[in-house]
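Just dropping this structure here.
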Amino acid sequence: MTTANTTAADTADDDTADDSFYARLEELHTEARWTVEQGAWHPRPASVPMLWRYQDLRPLALRSARFVRSDDSALRVMTLRNPGRGEELATPHGSAPIVGHLYSGLQLLNPGESMTAHRHAATALRFIMEGTGAWTVIGGDRVEAGPGDFIVTPSQVWHEHGTDSLEAPVIWQDGTDDPLVNTLDANFYQLHPDVHQVHGKPVNASLHTHGSALLRPDHRRAQPTSPLLYYPWDMAYQALRDYAEVTDGSPYDGVLMEYQNPATGGSVTPTLGAALQMLRRGERTRTHRHTGSVVYQVAKGRGHSVIAGQRFDWRRNDIFCVPSWAWHRHANDDADDDACLFSFSDRPVLDALGLYAEEASADDADPETTGSAP
Amino acid sequence: MTTANTTAADTADDDTADDSFYARLEELHTEARWTVEQGAWHPRPASVPMLWRYQDLRPLALRSARFVRSDDSALRVMTLRNPGRGEELATPHGSAPIVGHLYSGLQLLNPGESMTAHRHAATALRFIMEGTGAWTVIGGDRVEAGPGDFIVTPSQVWHEHGTDSLEAPVIWQDGTDDPLVNTLDANFYQLHPDVHQVHGKPVNASLHTHGSALLRPDHRRAQPTSPLLYYPWDMAYQALRDYAEVTDGSPYDGVLMEYQNPATGGSVTPTLGAALQMLRRGERTRTHRHTGSVVYQVAKGRGHSVIAGQRFDWRRNDIFCVPSWAWHRHANDDADDDACLFSFSDRPVLDALGLYAEEASADDADPETTGSAP
Amino acid sequence: MTTANTTAADTADDDTADDSFYARLEELHTEARWTVEQGAWHPRPASVPMLWRYQDLRPLALRSARFVRSDDSALRVMTLRNPGRGEELATPHGSAPIVGHLYSGLQLLNPGESMTAHRHAATALRFIMEGTGAWTVIGGDRVEAGPGDFIVTPSQVWHEHGTDSLEAPVIWQDGTDDPLVNTLDANFYQLHPDVHQVHGKPVNASLHTHGSALLRPDHRRAQPTSPLLYYPWDMAYQALRDYAEVTDGSPYDGVLMEYQNPATGGSVTPTLGAALQMLRRGERTRTHRHTGSVVYQVAKGRGHSVIAGQRFDWRRNDIFCVPSWAWHRHANDDADDDACLFSFSDRPVLDALGLYAEEASADDADPETTGSAP
Amino acid sequence: MTTANTTAADTADDDTADDSFYARLEELHTEARWTVEQGAWHPRPASVPMLWRYQDLRPLALRSARFVRSDDSALRVMTLRNPGRGEELATPHGSAPIVGHLYSGLQLLNPGESMTAHRHAATALRFIMEGTGAWTVIGGDRVEAGPGDFIVTPSQVWHEHGTDSLEAPVIWQDGTDDPLVNTLDANFYQLHPDVHQVHGKPVNASLHTHGSALLRPDHRRAQPTSPLLYYPWDMAYQALRDYAEVTDGSPYDGVLMEYQNPATGGSVTPTLGAALQMLRRGERTRTHRHTGSVVYQVAKGRGHSVIAGQRFDWRRNDIFCVPSWAWHRHANDDADDDACLFSFSDRPVLDALGLYAEEASADDADPETTGSAP
């Protein structure tokens, strides 16, 4: 048995090595696997922990309207790009990852704007940061949403956005699986042949139809992507507070609930999951790590997270990410009020493929550094 | 091929019939199948349509307290017994069916009463008819409920009931699958070794934990019986009204929603399903039939149903049943307000076993008869 | 709390009992539940253990041809009727149970006979006892089978039987869920409008398509009833012997394998399961009991079973049954060869409804009685 | 609405463009999404169609023994690397893709060699090309295999390989999902603490236990990765021939069957599927395309495939690949014998994530080129 962290080739008889052999390997579009590093290893993502302050992003988002016209605002998105990721994933379709194979960006809608309809194989989530009057039409179903509301746009369903507000802009966070679907060579994109959808249905019909945990509509069939498209903040936050009254919570996540597909009790989509978690007054969680990448947006309050030994202080609307297998913990720095983190991740992919793993920190002694957040 | 509705034996050579042959068959605990009727057939239940008026039942329920002591009130139940069913299913355990293999009865709890804990393999549902202050402890989870509230008691979970009211009695409808579980020779019954359960958890914890369609608790696993035990009337009725705003409803059932297991989107238990349906102002449904037995309680309003050609007029708290494969339709006789029917059935059994079938009436000409309800 | 095995009414104040109250209950088609027996209880089936010797049944089966013409031979079945069951389940459709809600009978096909096509909501299994040349056409798929072969006839699929042999009769055992489907008021029966099906497909197409555990056809979809209709004895027995080489077996059942739906790995149908088990040379199993009814046919060898304390000696083609919750064990009485038991049961129903329970005998001291088999 | 294939930025007022804005974007680790190409698009994989001739690879494989010692032969693998893929996926763990996120290589075992045990989160398949006497121990289960046999090595199960032959080497094809698991940042690798596993079980126990489509072992539970580890060629080829007798086959794939997990009827693992398909004498399929990458090994016969308009002639043991969404068709060039293609793919991933799509060629006019294969 070879020693860990040597390569097998080190142990071979180098005298017999034959340059012509390796040349021939290359000629045949093959290569020697035995030259690789051996020994035990675990995930070492290229993605790094990162935080974006809303106070930095907001002015740029507001300025972005100068560069893209209203009817193109589907693309008026400021992509958040992980500094650890090279150019390799900067596809022609503009989906550089925020972490792992997750995409995220900030989208601006100025008063009265609307845009054209399109669809893609990638799945999209929206979490609204500010502004009222926003609407989105998804498969003919018109959703009207405000701050803290969460919206699911399923794979290959036509959608278009706009705002009815005449006074203030809307900014929301997009979260998609474009990098994953692109790297799987399975993405498609189409513009709507009629530019816009017809929507005759009442507003927020999916919430009226699927918004009760008690009763389901008689015609409902289980489907992998949620038939519920709209998750209002008030209802979600109330559910979290109700649950907080009867649970001790998780030592690693405080009081965490997952946005669910009410037709199955599973994740909202087959590729992207989302969660809302409450850190109670002054709560500081223990350290753990797991496979899968997570993007957080601060929905309420202020606090900090320690990710791979690096401290990130956050407040409302800030966005940060945890790469796969990075140690992390969270803290609410307000002793008088709860803090809430919205997050989305590729957890459903890892579960479906049997690749989810997690580990608790034995001594919780992951060192904190201060002031080092970018 | 033999003619329909003759028996195969009619066509055999009777001269060769041999009495000793049939005698020997009987001696060996066998019998000739060819003596049975041939030709096409469909379900012909022994159960008959039936309605029980609450104005008749209520006085008897109130008097029942004289016959059973408080701590035995688990059994202070007036069983509703289908007149078409013979003695065959009157087991020692008192579960004569209301229709098919469904059991139902009215249970009385007088002010301040409580009872001892027990459990059984049969599943029980409760739908509260009148009175406030009622509670039930199910697997250590204390539920507090009022009129119109729906409660699920899963198979083999300890439970006990009582009321905290000092003023008025509580009456609820029990619905169970005892006849089914008994006929499958699979029922068990036990009294709690400590007479009562310990319940330290907050009240209505299952509703706080599983009561949101938007968010699920992080630890939830799919399980065939609902982890949600308590379905308050206000929330259920609101869900029904929300859905009514965006659906045309079913031509056979008006606006119907099923009480669901929020962890799976399926029926509340593997054996019993429940539904709440709204008949809009003056709505009259079309006639259809299906396999499976249904028990209805009028939750709101007044109207009538025509079942197997027989008209049944109903008002709040009345109970009626539809046998398998019986033609039926419903009507709301109030032009100014909606009517709501709560129901429970063995539909999940038929679905699981591949035995559900339904048929719409071609001409909707099922005749009405008046005045013939018992 | 009342003492076990008393009735609640015993403890009530009898002086207050009111005859008019009970009369009124009866008038309203209700009854008092509190008059029933209390205390812990478990399943006490009316069905009794029973064995039918093939040497008794065979002569009668052969004589049955005198009573039913060839084209009616769908009904030329000698029903095996449980002596513990009364008339209550002797429906007009001739499906008195052999045990629980299982039906079984012996069907005779004389040389050259065939019969007309029909279908029903009930599911049927066949296990061939003697004779070669038998065929059955199921949904247009022609199956040709011999002794020990097992055939599945799914719910509502057209089927018809016959034999091509010109020399010897065929006798097989039918097993169906007619009593269950009847008691659920969900059975249907139809004669084929054209009397016979057209079958253009190759013989035993389902075995060619679904007969490999290694490879599945590209078009296969999971379905609750097996797309494999034909399970030849040679292949089944070989699978059992292969498994016996690598397993210790079950202490209660020896080497037991279940006939499976290869599209799901589940039971052959949603209502009926089937199994083949080997008792190795001289093997005697331990005693246990479980909910659910089982019908056995001796496929090979000789031995005995002890059921509810009663000993039943068996040899090839004998049929016996074990009621729900009856203690039982099996023994191979041949020290030089294995014995095999084919069986079918309602286990899939109990599993689907969450009603399966089992218990091992603590001391294995269930007494044997000899000579008492009927 | 913008014209297809322009970028949104083209349509913006360039005069307002602000270099400082874009500089600030970059400073904040963000980028403008509106600079990307618009218009409809579909998958355009970097991977290219490619064929490796066994007559080229075999001599190199045999020479590879000079470079890696016996006990390191886990790594004595010649990786097949897609020419279209850059260095970006050449991870330290040596898993450059053959196509998409699939890895493949040729592994050599010289007479009498064996190697040390290890495990990883990636799943591995083996398809044996030549040599007898090979064995692999997977989770303590010893598999002995020869040419054409297919072996599944599940995620995170210990395994080690060797050959008992004293005369001739063994060469097999490895297929893994390393590139996928790596890119998901979810791979782990460990060497066995005791260097070798203990294996007391009989040889090929999984085949004895799970090798029958008719009967399943009594203890079997559904699990996402197949409990059957060994799929012998003789049994697989026989199943394919049986199926060929009763099916017309697919116009795009001839007679295709999928290696299955017999406990579920699903794919052999959650990430990798495998198939065996027969092209009948002289058969030429029609052209289609689908999402997902496929690696083929010619198991029998000779023929050619046209992939993305490029013709690849193949014979036994040659390996070729089809990138996602590439048009392709196959032809058996032998008019007297069937040809068989073994293949593996990421189809289970696409199915699980809802990303599988396919399209048939309308006119089948995909042009052939000759002689252009590398």
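As written, the chain order gives the labels A, B, C and D, with residue 1 at the start of each chain.
The definition used in the following text is that a residue touches a chain if its C-beta (ideal position, glycine included) is under 8 Å from a C-beta of that chain, and two chains touch if they have at least 3 such contacts.
Just so it is clear, the structure is predicted and the values come from calculations on it, not from any experiment.
Chains making contact with chain A as well as with chain B: none in this assembly. The centroid of the Cα atoms in chain A and the matching centroid in chain C are 53 Å apart.
Averaging Cα coordinates per chain places chain B and chain C 29 Å apart. Chain C and chain D have centres, each the mean of its CA atoms, that are 45 Å apart. Not a single residue position of chain D touches two or more of the other chains.
Of all possible chain pairs, the ones that touch are A-B, A-D, B-C, C-D. Within the complex, the chain C residues that touch chain B are 1-2, 4, 8-9, 11-13, 16-18, 21, 24-25, 28-45, 47, 50, 52, 56-57, 60, 63-64, 66-69, 71-72, 75-83, 86, 88, 92-94, 96, 100-101, 105, 116, 121, 155, 181, 183-191, 195, 224-225, 270-271, 291-293, 323-325, 346, 349-350, 352-357, 374.
Listed in rising order, the residues of chain D touching chain C in the complex are 201-202, 205, 207-218, 220, 222, 228, 231-232, 235-236, 238-240, 242-243, 245-247, 250, 253, 256-265, 275-276.
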